[in-house]
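Next come two complexes built around chain A: one with chain B, the other with chain C.
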Partner chain A sequence: MAATAAAVVTRPIAPEQASLWSDAWRRLRRNRLALAGVVYLTFLVVVALVALIHTPYPTYEVGVGIPYQGPGGQHWLGVDALGRDTLSRLMAGAQISLIVGVGTQIVVLAIGVPIGLAAGYFRGWFDQVVTFIINLFYGIPDLLVALILVFLLGPNLTNIIIAIAVTRWMDMARLVRGQTLSLREREFIEAARASGAKPSKILFGHILPNALGPIIIQATFGVPAAILFEAFLSFLGLGVPPPTPTWGSMAAEGIVTIRIAPAMVIAPSIALSLTLMAFNFLGDGLRDALDPRQRR
Partner chain B sequence: MFTRGTLIYIGQRLVLIVLAVLGVSSLVFLGIHRLPGDALFSEHLHGTQYELTLHHYGLDRPLWLQYVSFIGGMLHGDLGESLVNRGVSITPIVVREMSVSAEVGIVALLFTIGIGMSFGVVAAIRQNTWLDYVLSTTSVVGYSMPNFVVATFLILAFGVWLDNITQGTFYFQIGWPGRYGTIGAIWLPAFALGFPYASIVARLTRASMLEVIRQDYIRTARAKGLREWVITIRHSLRNALIPVITILGPLVIGIITGGVVIENIFGIPGLGKEFATSILNRDYNIVIGVFTGYAALVGLANLGVDLLYVVIDPRIRY
Partner chain C sequence: MASPILQVKDLQTQFRTHDGIVRAVDGVTFDLYHGESLGIVGESGSGKSMTALSLLRLVPDPGKVVGGRVLFRNQDLLQVTDEEIREIRGRDIAMIFQDPQSSLNPVLQTGFQIAEAMLAHKMASKTQARQRTIELLKRVRIPAAESRVKDFPHQLSGGMRQRAMIAMGLANAPSVLIADEPTTALDVTVQAQILELLGDLNQELGTAIIMITHNMGVVAGLCTRVLVMYAGKIVEQGPVDEIFDRPQHPYTWSLLKSIPRVDALRHERLRSIEGIAPDLLRPPAGCRFHPRCPFRIEKCFTDEPELKEIKPNQFASCWVTMDRARAEMGADQLLDIRPGAASGLEPGKLVD
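For the complex of A and B:
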C-alpha cells in the first residue's frame, strides 16, 4: 500500500505539459514515411539552392556532351537532344517546381483564408456569393482554366503561379469557411465577442489560430497539386518558356526520343514523382499528427 | 427508377448545361478578343488581301456585333470556321473529337473504379496486415505519379523494353491506329489516365468499407451463415459505395482534363489534342470551339454521375 502511494507521489500525475505543436511534432517523428518525406524535401531544397551557385555543367550551355548520350561517365544522367547535361537541368528544374509549388500556396492562402474567414464568420449574402462562386469553380475543369489563363496572360513564372492559384483557391476557402462556421459557435469565441473584441481581432486572433492545423494540412497537399499543374502546363508547352529547364518540359522533350534516349524522360519523371510522393506522405503524416481523432 | 420527377430534373439540368456552355464560351470569346494584336497578322498577308481575310471572318466588325453573331451561331450549333485552315468548319471536328475523348475517358473511368474498388475492398478486409500496408502505400505512390509519368513507363515497357527483350515478338502498336473504336489502342492510354485517380477511390473505399463492416447488420449476416464473399460484395460493398460515388463528379472532371496530356502523348485525336494544338497554333476559333465542347462534356458527365446516384442508391430521388 505504502509503496504504491509513494509511487503515485513520485510519478507526476500528468506528463509534462505538451503543447499541441510539440505533441504533433512528436507524433510526426514516429511516422517513418512522413519523416522520409521531410528528409527528401530537405535534400531537394538543398539541391535547388546549390543549383543557384553551382551545377556540374552550365544549365543553358549547348553541346557539353554528345546529344542523346546515355547516363554514365561524365554525365550521370545523360545528355539531352541539344547536348545539355540532364543532371544540371534537373537540379535547376527543382527551383522552378519548388517556387511554383510554394508560391502558389502563398497566393492561395492569401486569397482563400480571408475569403473563407469572412464568409464563415459574417454569413449572409457574402457567404452565399462565395459559396456560389466556389461551386462554380468546382464545376469547371481546373487544368483547362489554367491553360486558357496562361494562354491569355502569356507564359511566364508569375502568370503560371497566378493561373494555378486561381484554379486552386477554392479548396482553401471552403476549408477555412467550414472551420470558421464551426468555431464561431464555440464558447471562447462567444466570450471574446461578449468582451467586446473587434471582428478582426476575433477572426485573426482567435479563429485563425484554432483553424491552423487543417490549413497547414491543406497547404501541404496543395503544394504537390500545384507542382503537378506546372508540370502539366510545361508538358503541353505552356509552362515557363524555354530555355529555362522545368521537369515537365524536360519530360515532354524526352518522350519524343524515348526509344534512343530513355534517360531524358525517365530522370525528370522520377524526380517529379518522388517530390510529389514526399509531399503527399508529409501531408498524410501531418494529418495524422495534427488531427489524431480523424484517423483514416 | 426514372419517374416523371426525374425526367423534369433531367430537363432542367439540360437547360442549365446549355446556359453554362454559353456562359463559358462567351467568357473565352471575350477573353480571347481582348488579347492584343490580331489573329490574322502575318508577313504573308498584305493590304487588300489582309482586309479581305479579315472581312471573310467578320473580324472587321465591332466587337459587340461579332459577339452577337457568335452567340447566334452557337445557338444553331455553329462554332465558326478555323482561322488556320480556311473553309474548315469547327462543329463537326469538335463533335467527332468529343466522342473519341469520351471513349477513352469511359475506359479510363472503368480502370479507375475497378482498380480502386478492388484495392480498397481488399485493404479493408485485410486491415492492418502487410497486404493492407502494401496496397495503401501503393495508393499514395500511384496518386503521386502524374499521368504522363505512368504513360511514359507504359510506353517504355510495352513499346520499347518488351519489344527489345523478345526481339520483336511482342510489339505493341502504341497510338491511335486510325480506326474508330479499337479497344487495343485505347487501353494503355486509358490505364495511364485512370490509374492516378484509382488511389483516391481506393482510399475512400477502404475507409467506408472499414466503417460498414463494423455495423450490426454485417454481424447479423455473418451469424446467418452467409458466405464471406456474399457479405463482402452484397452487404458491405453496396453500402460502402455511397460515399465513393460522391467523388465520381470530381473524378470525371479529373479524367477529362487529364485527357489533354494523355491524348497528346499517345496521339489520340480527341478534344485534348486539338486543344493543345489549337492553342499553340493560335487558332482562336478552334480554342473557343474546343472549350465549348469541354464545357458540354463536363456538364453531361456530371449529369450522368448524378443520375447514377439514383441507380445505385434507391433512397436518393430527384
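For the complex of A and C:
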C-alpha cells in the first residue's frame, strides 16, 4: 500500500501535455471543410513550388500552341492569345497569388500588431491618435489608396504588397487593440507588473500570446482578401506588369475573347475562387478550433 | 524589531471619478520591521488592497497616489523613477494576489513564468533560473516539481497554483512579500496549508510579510501585528494578541464578534456589523464608523478622532474606546449591536 502511494506521488499526474495548439489541431482535423481547405492549399503550395523548376511549357514562351486553342491533350487548359500555355501560366500565377496573400499579411502583422498592442496598453493620447488614423484610413476608399500608391511607387510585386497592406492594416490594428484593452485588465498582467516585468515584456510576452488565436484567424481571412485585391488590380492592369503571369491579368486578357476561348477566363477564375474558398474554410475552421467557447 | 524596513507615512490615494474624489487611502501611516508578519484587515472597500498597491505604485486608473511617503532602503518609492520602481517590484518587494486562477498567464507554462520573474531582474542565467524554479516549487511543497514546471496553470489545482504564485513571489528572495488575500479563493483546508507555508517561509527566510485579508482567523494564525482599516484609515493597530484579547476600537470589536464560532448554539444567528461600509465619496462627518457604532457618543458625530496610543504599542482612533465601553456598559455581554444600541453614554459624561 505504501509503495503505491509513493508511486502516485512521484509519477506525473497529467500524463499528456495537451497544449493549446495540439488541442486546436485536434479540433481542426474534425472539421471537414477546413481540412479540405488545408489539403487544397497544400496542393497549391506544391504547385507553386513545382512551377519554380518545372512547368509543362516555358511560362513566357509565345507560340507553343495555336492561339485561342481550347483545352486538349497537348495543352490541358488551352492556349492564350499569344500562343502561351495556360496551365503553365496558371501554375506560375499561383506563386504571385500566394506571395501577395502571405506577404501582405506579414506586412499587416508587422504594422498592425505593434500599433494595436501599444495603443491598447498605453492608451491616452497615443491611442487617440492611432484610433483617429485607423478611422481616417477606413474613410478613404481602399482602391483609390492602392491605385495612387502603385502609381507613385511603380507597379512591381513589392510595391503591390505594400499598397495592399496599407489598405488592410487597420483591421489587424483594431483587433489587437481591442484584445489588448481587455487583456490589460486581467490579473495576470497586474501580477506581471508587480513582479517587475518591463512593458515590452508584458506586451510581447504576456498579452500577445493570449491574443494569438484571434490574430491568426484574422490573418487567415486577410490572405484571400489580399489575393482578391491583387487579382482585381491586375485585372485593371495595375498589378504586377506583364509578361509575369497573374490570375487577375490572365482573366483580363481572356475576357475580351471569352466567346471564342472561354478557358482563358474560366481557368484563372476557378483557381482564384477555389483558393479564396479554401482560405475562408480554413479561417472558419481555425476560429472554431482556437475559440471553442464561441461555438454553439 | 530594530529598524523598520519599510516606512509608510501619511499615504494618500485618490480616485478621481465623475462624481467627485474618492479617498481610497486617507493618511495611512505604519512601519514594517525586518522579518515581521503584519496583517492589514478590514471590510471590502476599506482601502487595504489599495494601500498595498500604492506601495508599489500599481494603483489602477483613474486612481493616483497623491501624497505621503513610502520609505524603503533610504529612498521614497513614490519619488523614484518608473525604471527604479520596476526594478524594486518583484526583486525587493514582491506581491501575490487573491485569485491564483487569474494571476497566472493561462498560455504560458507555470515554470516559465516563475523563471521569468528572475530573468526580469537579471538575477540568474536561463539555466540557473530553470534550476532554481524547481527548487522553489519544491520549497513551496509542490509534489513532482520536476514535471510540474512544464504544466500550464489550468493543469494545476487551486492550491498548487497559489503555491506556484508564492514561488514566483519568492523567486528573487525579496525582503518584503505583500500577500493580497492569498487564501480567499481557496477552500479551508488548502487555506490552512498556504498559511502554514507562508508562516514557515516567514520564519526560515526572514521575509517580511504584509498579509491583507478580511479574515481575522488568517491574521490570528500568521501575523504578529495587525492594522485594522476602515474607510481608508487605520482605526486600530497593535500586537495581534492585544488586538484579539482587548480590542479598543468598536469596529475591531465588531469584526471579532462576527467571526463565526464553532461552538455557537444551533440556531444562533451569525453576527454581522449593522449597516454598510460608508460611501467614500461622501464619508460621514466625525468618526467614520459612527453610523454603525453601538457605542457612539455625541462627539463622534462631529469630531474625527486621531490615532492615539491607548496602551503600549496599541493604537486606536476612538473617543470612547472599548475599555470604557466594557467598564460602563458591559459591552461583551451586549447582544443587541445595532447602531447606537448601547449609547447610554451621555455626552456630558465624556472626560477628555
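Brief remarks on what is shown
Going forward, the second predicted complex is superposed on the first by the 278 of 296 C-alpha atoms of A that agree within 3 Å, B and C clash if a C-alpha of one lies under 4 Å from a C-alpha of the other, contacts with A are read in each partner's own complex, and residues count from 1 in each chain.
The rule is short, and it goes like this: a residue touches a chain if its C-beta (ideal position, glycine included) is under 8 Å from a C-beta of that chain, and two chains touch if they have at least 3 such contacts.
Please read all numbers here as calculations on a predicted model, not as lab measurements.
In the superposition on chain A, A:232 contacts chain B only, with no contact to chain C. Contact with chain C, but none with chain B, is seen for A:192 once the two complexes are overlaid on the shared chain. After overlaying the two complexes on the shared chain, residue contacts for A:53 are found with neither chain B nor chain C. Contacts of A:281 after superposition on the shared chain: chain B is touched, whereas chain C is not. Contacts of A:148 after superposition: chain B is touched, whereas chain C is not reached. Set against each other, chain B and chain C differ in how many residues of chain A they touch, and the higher count belongs to B. In the complex of the two chains, the chain B residues touching chain A come out as 20, 24, 28, 31-32, 34-35, 137, 140-141, 143-146, 148-149, 152-153, 155-156, 159-160, 203, 206-207, 250, 253, 256-258, 260-261, 264-265, 275-276, 279-280, 287, 291, 294-295, 298, 302. If you check the complex, the residues on chain A that touch chain B are 33, 138-144, 147-148, 151-152, 224, 228, 231-232, 235-238, 251, 255, 258-259, 262, 265-266, 269-270, 272-273, 276-277, 279-281, 284, 296.
Listing the residues of chain C that touch chain A in their complex gives 56, 58, 60, 86-91, 94-99, 102-108, 116-117, 120-121, 143-144, 147-148, 150-152, 155, 165, 168-169, 171.
Chain A meets chain C in the complex at residues 9-14, 17, 19-20, 186-188, 190-198, 201, 205-206, 209-210, 212.
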